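For reference, the structures are reproduced in the following blocks.
Consider the two complexes below, in which subunit A is the common component and subunit B and subunit C are the respective partners.
Here is the complex of A and B:
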């Protein structure tokens, strides 16, 4: 057993060296610290193996060697976290832009962005899950350097990634805000679960948390949050312990967006008929669609009846804790006024207009909202030449997607150029890891 | 700034406008962007656009290049005689009555770096420009995104001239055509490529007949 453990110890070290050669987004040095943590974990295991060397082989030492082997093999799972975190999977500039949202919510935590086929946030590491067995000084130091809490943000990237879905990451921002102020939000949710059994109360709490995160998504990402959620949740799912029916969520966010940005839509001549692709239901309609005999009929009714209050709680909660992230109607109006017409003529909104010397980079939420306004209501006016007329819509959406990415990239480059005088670069530390980290699998997780 | 977006010339973002738009020169300096395509000869056999994909599976042009995104602060080394494709940092959008030429900056030229061999940019173009960069010097050169690497010179066009050529107004006007992926999928248009293949097939058949009657000897 000790021989096998030593073999895998060396194999893992080779894999760590390979991972160190990957390029990770410069906005976060978590990959470097995470690799250092895995390295430290191996060093602790090696100390354990060295301690066994002079002992006689018996059942006790075999058991110890087997346990060390398990620890070594668990490093493969730890390394797997980084397999989809390099810049070929998650674009450097998208991470930089999103990082500002998350840091505004909780700047004491760290964030690791990875590509997946779902949107999800989970805690990769919590400081109270310290590894009691850490004996090597590098391992202990790695746990210390990894920080208090590390969130792993999963979102579609690589071939699956689309810039039009980036607003959905604001839903995960909502979840991080909920994690950060859990007691506060739980005390607001508790009255809705009165008189319910423990199991039912837990399910309703999960559903309400999703509605709160959806509303925060609209608060941060504006109407773009609704359009992206609507596209992502198309179709009627069956409710389960974690999620209510999709149409309840999309209709709730639609109501929030319609009410908040009504005057902007009106000023930009969005007619009722223009919403035909974005089917939404009133609260009354939602109630009539409940399947009376389903397991969740009672909870669905409770949730739908509580939607107006839940949205108010979520808005108030967000205004208290992340007021600077609110995408205001006045801002939406100004963004459309400044960028919509230009965007239709293939000029993406990466900077403000006006005098060349006083231009400023555009905010992520502004880029996403102007783009989604076009995708939802003005795609036929996009003046871009496409070769295949038969699939014109698809081609135009791909062109729009590329323009959004270019806008995010250029706005971030301008921002970095202007900010860089004072700040030391984090890119080198991200690429040449010299720190340490510690790891745990996800405890709390949720997804859009 | 031109109010009508259809007529607006865009070269942005200009990170240092006074430096890039010097009053003493008739051009705009553009910077090296972050996207690179690095040629790796080991990935291909021979670049022959008419080759049969069955017999030469490595003719696929994109296989020649590895993609690389280098953020600000990072760098790329170009070795002597190496070819690298790169983007400009600036996003370019030309209105219908303007075209542009891309010319490498002389300070890089003196180091042996040649920029942009396909230098014309057509009206209605949008996107970053692709730069073909080659190091003709004797020493490796390190390039950094954000360096001013080339210049754009603009020329106004007379749409009447085009009308004279075609006899009718160009339907492209007012619709913008995107920049292509830096690595081309093909060298010639489908039409030209198909015509050239037909010529080659005819020539191969003729050679084959001559070979049959002994007028062309088989290669040893």
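Here is the complex of A and C:
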């Protein structure tokens, strides 16, 4: 065992050194703290290994030997998290923009963005879960420095990554908000579970939490949240213990968006026929589609009948805790008026119009909503030459995706310059996790 | 956000991996075994390790956030097995949790009363067994 452990320890150290040379998004120093934590764990493991050889071979040493190996192997998994977190996996400027959403929800927690094939949020680290056996001072200090909670935000990257799906991160914002105020939201949910057994109540609670998170997605990301959700949640309409039917979720968010932004759609001449690709069921339709003999028929009925109230609870909940993140109808109207026409001429909407000195960087939700308005209703008006007519729509969407990314990038640069003008002393060069300057010209924000 | 089209599994939805949770359990068991040995007449443990036991129990038992994390509240996992060590400690402590926390604090400060030793050791032994059994709830248990 000692041979393997020594080998792995050395191998892990080399991996950590390699990871230190990677470039991570500059929105936070969590990657550096995470590396220090792994390094600390290895040091504790090494202390354990050094002490092990002096002990007699018994059940206690077997226990310690297994702990050493699992702990070292877990370090490899921890390092793997970072392999998906560098700037080749997640775009620096997208992370910076999204970080503002999450920090507005819970600024005491930290967030690490990684690429994956799903959207997901989970706790990467909680200070109350960590290793009881931490003995090395660096390990203990690294745990302290990681803080209260580090959330891992997974989102599709590489070929699967598209800016058109970025609004869905707002659903994860919803989950973080729910977790931050769990007691409050649970007390609101509890009445819907009256007279249900424990297991059924738990399932219905899980479903309601998803509807609440979806509604918060619409609250933060506006109609773009609905369009993205509708795109991603198709088919597989069989409910399970964790999720209701997908069409219930998309229809619920559709209703929320239709009601809230009705006047904006009307003012921008979106006709009923324009919604044909965005099929939405009414609450009455939803009730008729319940499979009466399924295990979940009763719960599905309860959920559907409660949808209007759940959406109201979610809106109220969000308005109390994250009022500044609300994407208001007036904002949507102004964004379309300001940016739609120029966006159709392939000009990325990265700043507001008006006098040069008074222009402001465009908010992420604004960019996403103008872009989704085009994707949903005006793609044929996008002035981009496409040679291959047979595949025109796909090519236009890829071009639109690039324009969205460019808009986010430029708006973040604009914001950075603005911040730097206000606080010249905060200028820093981009950093690698060990704190050394990279020599690159981009500058790292010191706060999100 | 994965929706029900995504396979719910430990590995795809958890950041705290089965391997990490296994190591957490083993690490806690090592500490518990050393404390039992020490309280049964063995060598006294250094103060930082005594404090580690006390602070672990304090976090596991007293931090209410753990117990309120619902399945699917965040990551869609059915069982919050990443919380296994803390849930086992809480379950074994049950109604005795305040007495156990007091004993752990006394142990950390070197002021454990003679009449506290026996029930504290009994609890630690029970906890060690429960932690060992809890590993069956984690998908990995063999490496070959």
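Brief remarks on what is shown
Keep this in mind: the second predicted complex is superposed on the first by the 408 of 448 C-alpha atoms of A that agree within 3 Å, B and C clash if a C-alpha of one lies under 4 Å from a C-alpha of the other, contacts with A are read in each partner's own complex, and residues count from 1 in each chain.
Please note the rule applied: a residue touches a chain if its C-beta (ideal position, glycine included) is under 8 Å from a C-beta of that chain, and two chains touch if they have at least 3 such contacts.
Since we're looking at a predicted model, the values are computed, not measured.
Within the superposed three-chain model, A:71 lies in touch with subunit C and out of touch with subunit B [touch as defined at top]. In the superposed model, A:26 lies in contact with subunit B only, and not with subunit C. Once the two complexes are laid over each other on the shared chain, residue contacts for A:259 go to neither subunit B nor subunit C. More residues of subunit A are touched by C (comparison of subunit B with subunit C). Using the contact criterion defined above for the overlaid structures, shared-chain residue A:269 touches neither subunit B nor subunit C, since it reaches no partner.
Across the complex, subunit C is touched by residues 60, 63-64, 66-67, 69-71, 73-74, 77-78, 81, 118-135, 152, 168, 171-172, 175-176, 178-179, 182-183, 186, 202, 205-206, 209-210, 213, 232-233, 235-236, 238-243, 246, 249 of subunit A.
Listed in rising order, the residues of subunit A touching subunit B in the complex are 23, 26, 87-88, 91-93, 341-342, 344-348, 350-351, 353-354, 356-357, 359, 361, 383-385, 399, 402, 406, 409-410, 413-414, 416-417, 420, 425, 427-428.
Every residue of subunit B that touches subunit A in the complex is listed here, in rising order: 1, 5-6, 8, 10, 12-15, 17-18, 21, 34, 67, 69, 71-74, 89, 91, 93, 124, 126-128, 146, 172, 174-178. Against subunit A, the residues of subunit C that register as touching in their complex are 1-6, 8, 12-17, 19-20, 22-24, 26-31, 33-34, 37, 48-49, 52-53, 56, 59-60, 63, 65-66, 68-78, 82-83, 85-86, 143.
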